[in-house]
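In the two complexes below, subunit A is the common chain; its partner is subunit B in one and subunit C in the other.
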Partner chain A sequence: MTINTPNGFTLDNTGKRIVVDPVCRIEGHMRCEVNVDDQGVIRNAVSTGTMWRGLEVILKGRDPRDAWAFTERICGVCTGTHALTSVRAVEDALGITIPDNANSIRNIMQLNLQIHDHIVHFYHLHALDWVNPVNALKADPKATSELQQMVGPNHPLSSPGYFRDVQNRLKKFVESGQLGLFKNGYWDNPAYLLPPEADLMATTHYLEALDLQKEVVKIHTIFGGKNPHPNWLVGGVPCPINVDGVGAVGAINMERLNYVSRIIDQCTEFVANVYIPDVIAIGGFYKGWLYGGGLSGKSVLAYGDIPENANDFSADQLHLPRGAIINGNLNEVHDVDPRDPEQIQEFVDHSWYTYGEPGKGLHPWDGVTEPKYELGPNAKGTRTNIEELDEAAKYSWIKAPRWKGNAMEVGPLARYVVGYAKGHEDIKNQVDGLLRALDVPVNALFSTLGRTAARALEAEYCTRLQKHFFDKMMTNIKNGDSNTANVAKWDPSTWPKEAKGVGMTEAPRGALGHWVKIKDGRIENYQCVVPTTWNGSPRDSAGNIGAFEASLMNTPMARPEEPVEILRTLHSFDPCLACSTHVMSPDGSELTRVKVR
Partner chain B sequence: MADRILILGIGNVLWADEGFGVRCVEAMAETYALPANVRLLDGGTQGLYLLPFLEEADALMVFDAVDYGLAPGTLKIVEGDEVPAFMGAKKMSLHQTGFQDVIATAQLLDVCPKRLMLIGCQPVELEDYGGGLRPQTAACIPEALEIARQKLAAWGSPVEPGRTSAPDLADASIRRDAYESGRPSEKDACRIGDDRFLPGAR
Partner chain C sequence: MSQIETFYDVMRRQGITRRSFMKYCSLTAAALGLGPAYVPKIAEAMETKPRTPVIWVHGLECTCCSESFIRSAHPLAKDVVLSMISLDYDDTLMAAAGHQAEAALMDTIEKYKGNYILAVEGNPPLNEDGMYCIVGGKPFVEQLKMAAEHAKAIISWGACASYGCVQAASPNPTRATPVHKVILDKPIIKVPGCPPIAEVMTGVITYMLTFDRLPELDRQGRPLMFYSQRIHDKCYRRPHFDAGQFVEHWDDENARKGYCLYKMGCKGPTTYNACSTVRWNDGVSFPIQSGHGCIGCSEDGFWDQGGFYNRLTTIKQFGIEENADQIGMASAGVVAAGVAVHAAVSALKRAQKKSQDKVED
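So, the complex of A and B:
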């Protein structure tokens, strides 16, 4: 049957059905089903979260000042972002302002997380969709050295001997049967296009990035008091500043600030000399493969983040842009109001929840999380072992959030499309530079590769912002302000009887919002709308498909039984299912199963 | 100089017995006065973030809930080279960058601690989001701590009863007592998933 969706896609589910479950190398658990035509081109896509979501309900009745500690635990990756979003929501509800230093430190931590996550995503979760580490064993180290010096002349690690050593180490690792990290690959699939030298260079940087990321996260240990799961505080940050101190427990002294400064420099160098050149080099080999754009050229959403000044979230004061673009009209960027009950709504007609009536959307403040698990009449298999979903009925544990009824893509590419459309100077310069380097038109941005490239550009932009806020904080401290927390409204007796608030951030993988209602000093309702809820959403009542689904449409697969192309595009969103849905797979199996029906 | 020993609790405290490892480490801090070369760490749901801590350790002791197909509430001790294989035997936690991958990565970078020990517990219940440890699982904690005490002595760091101030443990609001006693009632907060996740409901 052929269906034309309101958001401009033609779905045809008559062809061969391919089921990928679970999608590997992501946080959490997701499943994807597609139909391909007789040419192997994807003509229908169904994305589903196979875990139940329930963070909201366990926060009922808790102290709102503690919510960050719970939300930080829902995920294995963006813990700090959830905590930041949570304290912002509670501060918004209770009218609590934070001091300047707290704003700078929060920004440094949030930017640090962006940079860390983008690097780890590219090298450790996504690169293997483009780079073939087994092929790297065939590379000539001398030619690899020449390639390195050409694409990244400022990177000191570039000698033939260095690449030979890495190649030997890799060989030993592979021969010892420890392929572990590189397992589940389709290493002889024709979708891999790099020459062995580029594969060796990128695999070498996979190792360098591992070393670097160990250092990067130490910023969280310093400002958060501990890592993983750093500490946060409603009203500021929990680390006092005492520049003259010598190693007092918890206090930030000059020695620690210098350490932070060194890490910021390390990030800056790696991103400029390795990450960006790698993306351009790899992109050069794949620029003929511009699939996967999905909603990115049509409908994108960003809440914006990184306020220049404490407590000022107006759009023109945010370094990461805010705005919504719909129907591909880049000439008009709409402002986004998370409080407006008509703007952000979640629908559940195709999700395993119920609101009691069909077609209804609920704003997060009025959100309801009531499970209703039922399979459609055309589903195959049983309730406990689904062979094939029926996407005409309920088919996912992810709700379908919509902005004014539109399915939206969120994430680095969405932020960059919004920034570009708004004429944001830094973003525009970066994007134009990239397009020139790759010699591609601006439309090339609306692709899987564009998503991956936008993430790299954003990492670079974030390193500059990180330095900016470090300097800003140091100036402030030198001027005698070492205040990091406002505790004037810490005592619940100072709070109104009832209050509601919203906290927004840009998590590495996209727009993140927490909505809280407080009554008598306790949480009455808490709803998170996370980036992967936007991107991984199922169809809505009007039939709009979500961003994952849209991105897979019309992509040709070299070998349908080896879903390299599907993984490549889904991974480009940096999906994180752990917080958009919950519960582990029934058998805990990690290997991706692919079934062709 | 004494070996640097890292005692790591991993798992998600929001998932009932998945919190076993983190709760063991909290209990260690309440039970023993640990010397300075022994570090307690709440690893929570993290994967790669743990790498820098492994790098700084000569010996690693991990508490975790892992499925060995044993009777629920049974401890399983694994040492040395067998640790990574056992931890990957069956993935059941939300930390998808599984700890097995963290160890493999540490080995690839040649920073893996020389000595490894896993004190694992066969969980009773995982499918209870927002729930705490089941009594059978909680009852394993004293035995797990005693095994840890003996191993620390064998590793050249005998420990005395007492308390340890450990800054790397979970925030007070999410420690076991506060977390379990503050849980909303079943009436207020739905606790069920669906047929596939509910034990016995088929």
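So, the complex of A and C:
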């Protein structure tokens, strides 16, 4: 059957059905089904979130000052970003402002997460879609060294001996017959295009990045005590600053600040000397493979983040841009208002929830979710052994959020498209530079490769911002301001009887919002609409397909039974499924079981 | 199979001499209370062992355990994965997906029956016939049971697998259930924490590989070497507790001096973990050092213990200290319960532990 979706895609589910479950190298659990025509081209795509944890129902009745810790556990990969969103939502509801140093430290932590997450995503979750480590065994270490010195001349690890050592180690690993993580990979699939030298260089950087990433997060450890899952605080940050007085070793002191400064430099060097050059080098070999654009050239959404000044979230004061683009009209960037009940709504007609009536969309402040797990009449298999889903019915644990009725893509590419369209100077310079380096037109941006490249550019931009906020904090301390927390409204007796607020951030994967209602000092309702809910959403009542689904459309597969191209495109979004599957139950009997303390 | 890189190879490759390697082995033996006779045995094991297959499955979780694992500084995560274990199935990191991933899993189980370690991150939800967590179209609990059947031992990573963690917090809508309540016939090592410390995770694994046995466990199944003392017992701010010097408000003068966080709700006195000794991310810091109290994330049911900023009121008393409320002369709004805090008198530790365990059992 052929269906034309309102957002401009032609779906045809008559061809061979291919199921990928589990989709690996992502956070959480996800399934994907596609139909391919007799040329092996994807003509229908179905993306399914296959987990549900119910965190929002758990939050009901709890102390709003504790909510950051609960929501932080939504995701351990983008660790901290939910916590930041949560403290912002609670502060918004209760009218709490934070000191300047707290704004700088929060920004440094959030930027640090972006950098870490983008590096780990590219090298450890995504690279194997482009890079073939087995092919690296055929590389000439000397030629690899030359390649390295050409693309990343400032990276010190570039000698032929260095690459020979890594290659020998890989060889031993492969010859042991225990392939571990590389077992059953698609290593002879023609979709891999890199020459052996580029494969060896990138595989070497896979290992370097694994060592580097554990250093990057130490900024979280210094300010938040640990990583993953550092500690946060409503009203500021929990770490005091003391550079002069008695007991300075119990606080952020000069030694700690130097430590942070060194890591900021380390991040900057790695991104500039390794990550960006790798993306350009790999991109150069794949620039003929520009599939996967999906919604990126049509409908993108960004909330914006990284406020220059504490407590000022106006769009022109944010370093990461805010705005929405619809219908592919890059000449008009719409303003986004998370409080407007008409703008952001979630639909559940194709999700395993019910609102009691079909076609209904709900704003997050009024959001409800009642789980309803059922397979459609055309599904194959059984309730507990799904062979094929029926996408005409309910088929995912992810809801379908829409902005003014539009399915939207969020994430680094969405942010960069919005920024580019708004004429954001840093973003424009970066993008134009990349397009020149790869010798591709601006439309090349709307692709799987564009998504991957935007992430790298953003990591580079974030390293500069990280330094900026470190310097800003140092200046502030120098001027005598050491404050890190505002405790005026810490005590719940100072709170209004009822309040509601919204917190927004740009998580590594895209626009993230938390909506909270507080009553009598306790959480009355809590809703999260997260990046992968936007990107991984199923169809909505009108039949619009979501960003993952759209991005897979019309992609040719070299070997349909080996899902390299599907993985490549899905991974370019950096899916995070534990984030995306959420719930708020309206079922009274369930809620009354929440202990109010 | 002579090509397999052993522990010894790894160390040599990293520039460690034979002499240092033997010294490492004897220190390891000493640290574990083994006599000198064990040194050659340890050395031999490390020199010749092929890599043990590990199957790493994921239920309801947030992947913080995997993220923590790759932060390990000693040993480095890359050395663990390339040279110490054979991570044959891990849906978070493996190259393959779908059918090819499932085939890798089945192949490993078949080939290494009884000889692989099963690492579990997250837990199975049992409501809705298990379909709140689906892998390969089926409930995760089925994959877990299948992988457990022929495992040599099971490691329950983190609070999720060990106790249930956040999705099992009241009212636990999915009936998220810890591993030991689903798998009843296998040795299970719990490595709790949200997440556990990276070097604790790799420490547990390398112990098992090195000595070919399970670490010594407490009654709850946690390795004694990392979980037998409270954070409070070894906290560097303990002298301030003993002296009655407390942080009264966030970012007050006392906070800037690094005083004790007990009054801000720190759960260090009731939390068994290695945070105040091993510390986090290569020893850089730990929550208390960075100014926030411990939230007790390695304890069973820590989400439902009455708020992270509420001061502990149920600590058992052992006598030498004054009541903290009396010492600190209460800040406003304090619930004046009969708060008492134990003393970490080392001779009493075992007794304390037992009574704690009884309460928790």
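The criterion applied here is as follows: the second predicted complex is superposed on the first by the 570 of 597 C-alpha atoms of A that agree within 3 Å, B and C clash if a C-alpha of one lies under 4 Å from a C-alpha of the other, contacts with A are read in each partner's own complex, and residues count from 1 in each chain.
To be clear about the criterion, contacts are C-beta pairs under 8 Å (C-beta built on N, C-alpha and C of every residue); 3 or more make two chains touch, one makes a residue touch a chain.
Please read all numbers here as calculations on a predicted model, not as lab measurements.
**Q** Put the two structures on top of each other at subunit A: do subunit B and subunit C fit, or clash?
**A** Once both complexes are aligned on subunit A, subunit B and subunit C clash.
**Q** So which one touches more of the residues on subunit A, subunit B or subunit C?
**A** The larger set of subunit A residues in touch belongs to C.
**Q** Could you say whether A:A251 touches subunit B, subunit C, both of them, or neither, answering first, second, both or neither?
**A** After superposing on A, A:A251 lies in contact with subunit C but is clear of subunit B.
**Q** Check the residue A:E357 against both partner chains and state whether it touches subunit B (first), subunit C (second), both, or neither.
**A** A:E357 sits against neither subunit B nor subunit C.
**Q** Which partner chains sit in contact with A:T384 here, subunit B, subunit C, both or neither? Use first/second/both/neither.
**A** After superposition on chain A, A:T384 lies in contact with both partners, subunit B and subunit C.
**Q** Give one of first, second, both or neither to describe whether A:E425 is in contact with subunit B, with subunit C, with both, or with none.
**A** neither
**Q** Should A:I74 be classified as contacting the first partner (subunit B), the second (subunit C), both, or neither?
**A** Both subunit B and subunit C are touched by A:I74.
**Q** Quick check on the superposed pair: does A:E370 touch subunit B, subunit C, both, or neither? Answer first, second, both or neither.
**A** Touch partner of A:E370: subunit B, not subunit C.
**Q** In the superposed arrangement, does A:Q213 touch subunit B (first), subunit C (second), both or neither?
**A** Once the two structures are laid over each other on A, A:Q213 reaches both partners.
**Q** Once chain A of both complexes is superposed, is A:I222 in touch with subunit B (first), subunit C (second), both, or neither?
**A** It touches subunit C, and subunit B stays clear.
**Q** So which bit of subunit C gets in the way of subunit B here: 99-107, 153-161, 243-251 or 333-341?
**A** Among 99-107, 153-161, 243-251 or 333-341, the clash with subunit B belongs to 153-161.
**Q** Report, in rising order, the residues of subunit A that make contact with subunit B in one complex and with subunit C in the other.
**A** Shared contact residues on subunit A (touching subunit B in one complex, subunit C in the other): 26-29, 52, 54-55, 57-58, 62-63, 66, 69-70, 73-76, 79, 120, 124, 169, 173, 178, 180-181, 207, 210-211, 213-214, 217-218, 225-229, 231, 249-250, 371, 373, 383-384, 578, 583, 590.
**Q** Which residues of subunit B touch subunit A in the complex?
**A** 12-14, 42-52, 55, 67, 88, 90-98, 100-101, 104-105, 107-109, 126-127, 129-130, 167-168, 170-171, 173-174, 182-184, 188-197, 202
**Q** Once bound in the complex, which stretches of subunit C touch subunit A?
**A** 1, 3-5, 13, 50-51, 53, 58, 60-68, 70-73, 76-78, 81-83, 85-88, 90-101, 103-104, 107, 125, 128-140, 165-167, 169-174, 176, 194-195, 198, 237, 249-251, 255-259, 275, 280-282, 284-292, 295, 297, 303-304, 306-309, 332-333
**Q** Subunit C touches which residues of subunit A in the complex?
**A** Its residues touching subunit C are 19-29, 31, 50-55, 57-58, 62-63, 65-66, 69-70, 73-77, 79, 120, 124-125, 128, 169, 172-173, 175-186, 207, 210-211, 213-214, 217-218, 220-231, 233, 235-236, 238-242, 245-251, 259, 371, 373, 381, 383-387, 397, 482-485, 487, 490-491, 493, 561-563, 567, 578, 583, 585, 590-591, 593-595, 597.
**Q** Can you check the complex and tell me which residues of subunit A touch subunit B?
**A** Result: residues 26-29, 52, 54-55, 57-63, 66, 69-70, 73-76, 79, 120, 124, 169, 173, 178, 180-181, 207, 210-211, 213-215, 217-218, 225-229, 231, 249-250, 352, 369-371, 373, 383-384, 578, 582-584, 586, 588-590 of subunit A touch subunit B.
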